[in-house]
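Look for chain A in each of the two complexes below; its partner is chain B in the first and chain C in the second.
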Partner chain A sequence: MTIFNLFIYSRQGNCIYYEEWNRKNVSSNLDEEQKLMYGFLWQIKNFVQKSSPNPELEKTGFHFFRTNSYKLHFFETATNIKFVITSDPDAPDLRDLLKTIYKNTFVEYVIKNPLYTMGEPVRCELFVEKLQLEVRAHTSYKQK
Partner chain B sequence: MASKPNYARIGDQVFRDVEKINAELFTLTYGAIVAQLLKDFEDVEEVNNQLEKMGYNIGLRLIEEFLARSNVPRCSDFKDTAEVISKVGFKMFLGINATVTNWDPKKPEFSLVLEENPLIDFVEVPEQYQSLVYSNILCGVIRGALEMVQMSVECRFVRDVLKGDDASELKVTLKAMLEEEVPVGED
Partner chain C sequence: MIIYSVYIINKAGGVIYHQKGEKSGKSNDYLRYGSIFHGLYTISSQLSPVPSPSGGNSSGIQLLQTDTFRLFAYQIPTGVKIYAITEPTANGIDAILKQVYVLYTDFVLKNPFYIIEQPIRCEQFDIALEKLINSTLSL
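Here is the complex of A and B:
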């Protein structure tokens, strides 16, 4: 099993952090890819919510999707910060990992960092360091 | 229908787990900030504004800590939000309980009554600063935090122990629900 990449989006919809690990296809235009991903998330979220018999309950309805070659996990906070991680298709639900990243790493080292401006790209060394530890220590992270 | 979560219990739980600091240090530090602002701006109204603004900036970030630590589920309505602020929010960050009263579904709006307020321990407001809203930072925090969860609110003190009232009361009015940011090229 393995983990491919991670996206974090601010509430304004900008990709504020991107990291890749064992990614096999190289992106030709990362910027475009990140925008496309946000558009996709926005659409599917709305679709999921609108098609529900009870739209009020479906605010966090979309959790993951899976294809033959990968699985995409999605976690969104009530403040609309979005965390996305992709892994190989047999990985278990990685939303717990995303929640841990949010709680123990993102809030502690980004939000509480007074030098960080909200909504700007994340360039906090400590955050990157802790994030690497967290992801690499996870059971789903193992190079094939 | 799922039964309502017990917010008081969540509040106690999260209060037990968060890091604490010395209450007197906290109170005195806040007092020093207010005193310095009064010196710097010399205008009481301006100090009220500055306190609100400082609170707002705190609220923008504090909400993330709140959501990450408290694990409260999504609020179903504004009344639910009021309960969460009073029982979990105030407990978690100030160690006190607030009571929700004067619920008015038409606006909608509610009041938070603070029986005790750690910010105002040892505080006496001098005669010439009677219009000072000493704890105005709290209004800012609530406004900032709720804005991050798509609620634009107005928050102000209507009763204040420092002005001789028997309790402090904050009035929170919902102005609008904000929409999520639409991606570029979509509408």
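Here is the complex of A and C:
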């Protein structure tokens, strides 16, 4: 099992952080890909909400989807910051990892950083360092 | 387990069959949702960070998990997609989708009055599919 890439989107829909590990399909245009991913997630959220068998329930959260080559995990915070991670299709639900990244790394080293402006791309050295540690230490990261 | 609904989408993204399970929406919106799914399926294959294990492009969404339901999709080689919305803990729906495909070939494709890519109106298919879905209730 392994982890491929991570996207973090601000509430305005801009990709504020991107990182990749062990990715094999190199993207020709990363900027376009990030935008496509955001649009895709927006549409999935919409679709999931409408397709729900219980439309009366206020909120239907989307957890993950799987194809034959990867699995995409999604976590949205109450402040609409979106965390997306892709992994091997056999990986378990990685929402817990996304939640710890949010709670222990993003809040601590980005939100609490006085020099960081909300909605701007993340350029906090400590965040990058801690994120690497966190992801690489995760059981799903180990190479097959 | 409960299968809420089954959709069949032709290769152009049009909904050609919709089995309306209990608790599904009332209006004709399902035509739109089916087409949205077709788009999502294609984009998910483009966004893949790795090639397919068998080489070539990744497939599209095969399983989608949410708080309230699970969606299983199966694309047959001609580009027709079959997908089912089930309760969130359902398992092994892949095999049932393949059985739906068998019913589709038996009662729809072999029907001389059926025009390919057009909405499916075959009574025998409705009956057989209903029977299949009811048989999964006890699983």
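Worth pointing out:
Just so it is clear, the second predicted complex is superposed on the first by the 136 of 144 C-alpha atoms of A that agree within 3 Å, B and C clash if a C-alpha of one lies under 4 Å from a C-alpha of the other, contacts with A are read in each partner's own complex, and residues count from 1 in each chain.
As a convention for this text, a contact is a pair of C-beta atoms (placed from the backbone, for glycine too) under 8 Å apart; a residue touches a chain by one contact, two chains touch by 3 or more.
Every value quoted in this text rests on a predicted model; they were computed, and no experiment measured them.
When both complexes are superposed on chain A, chain B and chain C sit side by side without a clash. By the touch criterion defined above, A:Ala78 lies against chain B but remains apart from chain C after alignment on the C-alpha atoms of chain A. In the superposed pair of complexes, A:Gln12 makes contact with chain B only, with no contact to chain C.
Chain A has more of its residues touched by C than by the other of chain B and chain C. When the two structures are aligned on the shared chain, A:Thr139 is found in touch with neither chain B nor chain C. In the superposition on chain A, contact of A:Lys35 is made with chain B only, not with chain C. Of the two partner chains, neither chain B nor chain C is touched by A:Thr117.
Measuring only between alpha carbons, the smallest separation of chain B from chain C in this overlay is 13 Å. Overlap of the chain B and chain C interfaces on chain A: residues 43, 59-60.
Interface residues of chain C, counted against chain A in their complex, comprise 4-5, 21, 23-25, 29, 33, 36-37, 39-40, 43-54, 58-69, 71, 85, 87. The residues of chain B lying in touch with chain A in their complex are 60-61, 63-65, 67-69, 74, 76, 148-150, 180-186. On the chain A side of its complex with chain B, the touching residues are 11-13, 35, 38-39, 42-43, 56, 59-60, 77-81, 102-103, 106-107, 111-112, 118.
Those residues of chain A lying in contact with chain C across their complex are 4-5, 20, 23-25, 33, 36-37, 40, 43-44, 46-48, 50-55, 57, 59-70, 72, 86, 93.
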